[in-house]
């Protein structure tokens, strides 16, 4: 029982982090209909930037305070992501409006390659550290109930909290601010949005910026968990099932999907794995999403499509 | 026109109701279509005309009602069956296969008639023997006749996407004719055409009707055209049937007049 | 149309063919260097490559092999098998003396090609363990240790700690491994040993690249094994150690393979990795060794160093250097038989590697005194030595915490012979006869 | 006036329905084949064969397969790597388990295994569309990766789970020399490409394209979406499977599951889109582009850098390689979203009028 709870908790926390990456996908797809395969690369890029800046800032400024370094690094990395977003819109997206999905998808793959190369050129291809002082040692709750207690990973806990905070922030941004409403309008119907005078180009830049920041936060958390290096980009592949399960266009879907996938893959690995030799969690997540799709082709919260002829 | 003798009922639609998540598209619609006649369905935009056709060839599944075709009654239709039973269809806003040439588009209409297996097609040889090649040539001849009939010979190999709208409409008709239908459903065949194009199209429709004796169900906006070429008319408004009968009868029906001229919606 | 296209194609073809130049000029012994300084495994690949290249530079700085200078070319594989094969095909045309695939996948692929091309395949501390059997694997040289040696050495070390291998009876040992041929290599030996010594072996695969291991370590926490063997590569190692910390599994009870026992694996874990052990392929981090001093003096101080000066002498750097040294010594041995000061062909180098005899004296001369023990290979034994040590991370650096251990021949040999025989029968090739060994 | 159709009148529908109705095309194709079969073996170097031409042929084959699914039937798939893997391991098992099994049948059987696998993972396409499907097909990818690592039976219980084949031969002729391997791949490619071309220009091809362009209309004229989609999956994964088997048998010789990583799925998609969706020819162009580009960059960058007197490190090269590769792909999608095949046909149209435009 205790162990089941531990697994579930672990799953939930990983799920929250998946959700964070998935969020990036959803935001961009919602606003520009682009399925952004570069999200993983962006996570890596942002993390690299932050890690290196945190390392360099003390050398530049001579101020040895870790908090100062991290915050400054975060801001700088944020700026880097903004620039990236702007460049991507300028050089790529605006030349590819109303191309079909596959083309756009590949364009983002191309972007991914480019960012991978650029990131390693600018920031190096070694393992770097993001130390935002997340506690590494575990705590054991409810020892009174279960012997050995339930292991809770402080780091994950905080990470999940940050993720949750970010999500609430975003949904507020979408609901309350005028930009947010504009974004939603664009998401619903490009032409209509344009016709009422919403500048698409700007909206896209904004949404890519937001996605960039999400990537940065994701990168920061994963980075401080795993250390920043190339493989970070692969977390995107773990987040894909989340996106299709949650529905490409739904923010709450991304969150819920993340949690479902997180818990699903951990439970499967721990309880089914041993019978089939283990290592099943990746494809299990996909199959889970797949089976789910068979019942709801448009995902958890995606809009239903009606054929008009 | 006198030559055509109207036969007995081939298609009967009984109490069809269709709705999308609460929104009612069709409410309790019934009407019938007699052999060899030209039957028109008219009504303002959003009256549910296209939905009606979609029910008949199985694109939508109505919640209630039944459809009887040549004595067989179906709760809802299955597109494949419908096609096999010889019901063909053209589309309101062109549903042609944009990436394909005129020839290929119309050839798809013959696919039901082609029986060569995957392997036979793969090993199809250019020397004129072998099932696949023989079929291709046989069907090609039929298609060529249709192309001649519709007077679009010069466009054979052009991708339909590149053709003028009016001609695309013809290809759409051609694809339907290629199925050698006994019942032909035409969804606004003249929408967005100029007068000449409309005249051509009307001519084609009537020719089809009396040369091949094809029964025709036709959705059209242009009252003039409808009144000229159709034998009987059904009028829909807001998914309800508000009139049914000969063109003259319908022309004098108050509900119809109101629907069209009177109250604005 | 036709003519034009042919012309173009010819042009293209010749252009590309031109990029694979003819044989290196005389008096230069060419050595291809397949390395990966980019991608997921760059942090571990780069120091190895630095060590390898630096050593070649050192040899030239020392005046070459009886006057023969070494020339080399690096080719980036990104740890991708297909790219490795392409590199191999490109560089072999320049007269490769031997090739270092530097990835298990590439090793398997190149093993199939090398015999035809008459190029010996040198896999120092990796590759297929059964290739130690020279009678079947004529062209493969897993000199100085295979994964079976590594895993057996680890068991020996644990045994010593517990006070005798028999103490392992009834214990539970978990193998957390990179889910790939590399990670699976030790399994047969461990299973053999589990039968002999009566401990329970738990297999926990981690799908590459191994950034997400929560489930694995939850299982570890659940089954509470007495020891965990870590068979990871790249980011998987540091992640594993971090997860161990996060699930409160004592690092002291963790033993890594020599690819999971270098600075990049523990550096950014820092104190979290304190107490973590790893088996070494004889050498560890050797900043004090004569070799390092020579490299610094004769290469880096001349401004010809590869990579950051600070990394010279680190674990993977040393492995790279050692690998280069063994290869180069193979060439030297060949020269002693086929003529000093000549450029050796792959076939001759193969003979050299097969008749390698690195005595303590030679090692000391080369600067490897204290770094490693003597090695002598033979037609039957392409491994030449099965020595290892354990070193432990103290939060800042690696320290040796065991004296010399040796993989148990009684266990490894039969396994090697059996597996090699299976391979031979599958490939329908007949093992070499003693006469053939003389050649 | 090199390339003109007018004046070539077809007296029969058969003449009009040949694979290459236009004379110049026929000449061109024959020319290319002659060149590939006769000239290349004399011209090319060993390296060119082993490292570029053979991969190019094999990937062209795979691209043809992917193009049938993605380009003709409009079902985006990221599972191609998995289909290659299934083909390779399937062929392997038939090859080693059945004594005296000849190579070619083994390849075909491998392809059939891929077909079964492909149809199975094609089932979602009946419910799921577009990008959802694309992601869904990744399930096939990761499942295959896992299956061949974990289920020992597929790999004959080799301890490491990586397998090898050797002394291949066709009709008693050994496949050892680079040339023989090249010719074998070329032959397979030509045959399969021809069959594929027959399919796409026939009834089934029209069904696929109909589904791609307007599935509702297709259904209304009696095309069964299920049959069309699944047959596309079947044919495409058969071809990809054979390509996978060639890749393993001919190019690698010994391989492990990671030899067919998700990376290959992406690369193959690149090939068909850059080459041109819905064009057999496009597959070849795309493959050439994707296979040669990285290698060429990798070899020419140092030279270029040298010209400007910059000593560029291995690291720098491979990073630059990544960036240029990515940039080129994006640039390409922007300037010609319909791929090289489109450029090709535009060129032909120009030639029809050349040298007198209008």
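By letter and in written order, the chains are A, B, C and D; residue numbering begins at 1 in each of them.
Simple rule for what comes next: a contact is a pair of C-beta atoms (placed from the backbone, for glycine too) under 8 Å apart; a residue touches a chain by one contact, two chains touch by 3 or more.
Because the structure is a prediction, the values reported are computed rather than measured.
J.: With centres defined as the mean of C-alpha atoms, identify the chain lying farthest from subunit A.
T.: Taking each chain's C-alpha mean as its centre, the farthest from subunit A is B.
J.: Central chain, going by Cα centroids?
T.: Going by the distance between chain centres and the overall C-alpha centre, it is D.
J.: Could you grab the centroid distance between subunit A and subunit B? Build each centroid from C-alpha atoms only and quote it in angstrom.
T.: Distance between chain centres, rounded to whole Å: 49 Å.
J.: As a quick test, compute the distance in whole Å between the mean CA positions of subunit A and subunit D.
T.: Roughly 33 Å, centre to centre.
J.: From the C-alpha centre of subunit A to that of subunit C, how far is it in Å?
T.: 37
J.: Identify all positions of subunit B at which a residue touches two or more other chains, and write them in rising order.
T.: 59, 91, 95
J.: Scan subunit D for residues touching two or more other chains and write them down.
T.: 145-146, 149-150, 216-217, 220, 315, 319, 322
J.: Out of subunit A, which residues touch more than one other chain, so two or more?
T.: 120, 125, 277-279, 282, 307, 309 - these are the residues of subunit A that touch more than one other chain.
J.: Can you tell me which positions in subunit C touch subunit A when the two form their complex?
T.: Per the touch definition, subunit C meets subunit A at residues 37-40, 42-43, 46, 179, 203-207, 209-212, 214-216, 218-219, 221-222, 234-235, 238-239, 242, 245-248, 264, 267-269, 272.
J.: For the complex, which residues does subunit B have touching subunit D?
T.: Subunit B reaches subunit D through residues 57-59, 79-80, 82-84, 88-89, 91, 95-100, 104, 107-109, 111-112, 114, 116, 118, 121-124, 126, 128, 132-133, 135-137, 140-141, 144, 175-176, 179.
J.: So in the complex, the part of subunit D that touches subunit B is made up of which residues?
T.: Checking each residue of subunit D against subunit B gives 13-14, 17-19, 195-196, 198-199, 202-204, 206-207, 209-210, 212-214, 216-224, 231, 235, 278.
J.: Could you please specify the touching residues of subunit A with respect to subunit D in the complex?
T.: 35, 91-92, 95-96, 99, 101-103, 105-107, 109-118, 120-121, 125, 237, 240-241, 243-244, 248, 276-280, 282-283, 286-287, 289-290, 293-294, 297-299, 305, 307, 309
J.: Subunit C touches which residues of subunit A in the complex?
T.: 3, 6-7, 10-11, 14, 120, 125-129, 136-138, 151, 153, 155-156, 222, 225-227, 229-232, 234-235, 238, 265-266, 269-270, 273-274, 277-279, 281-282
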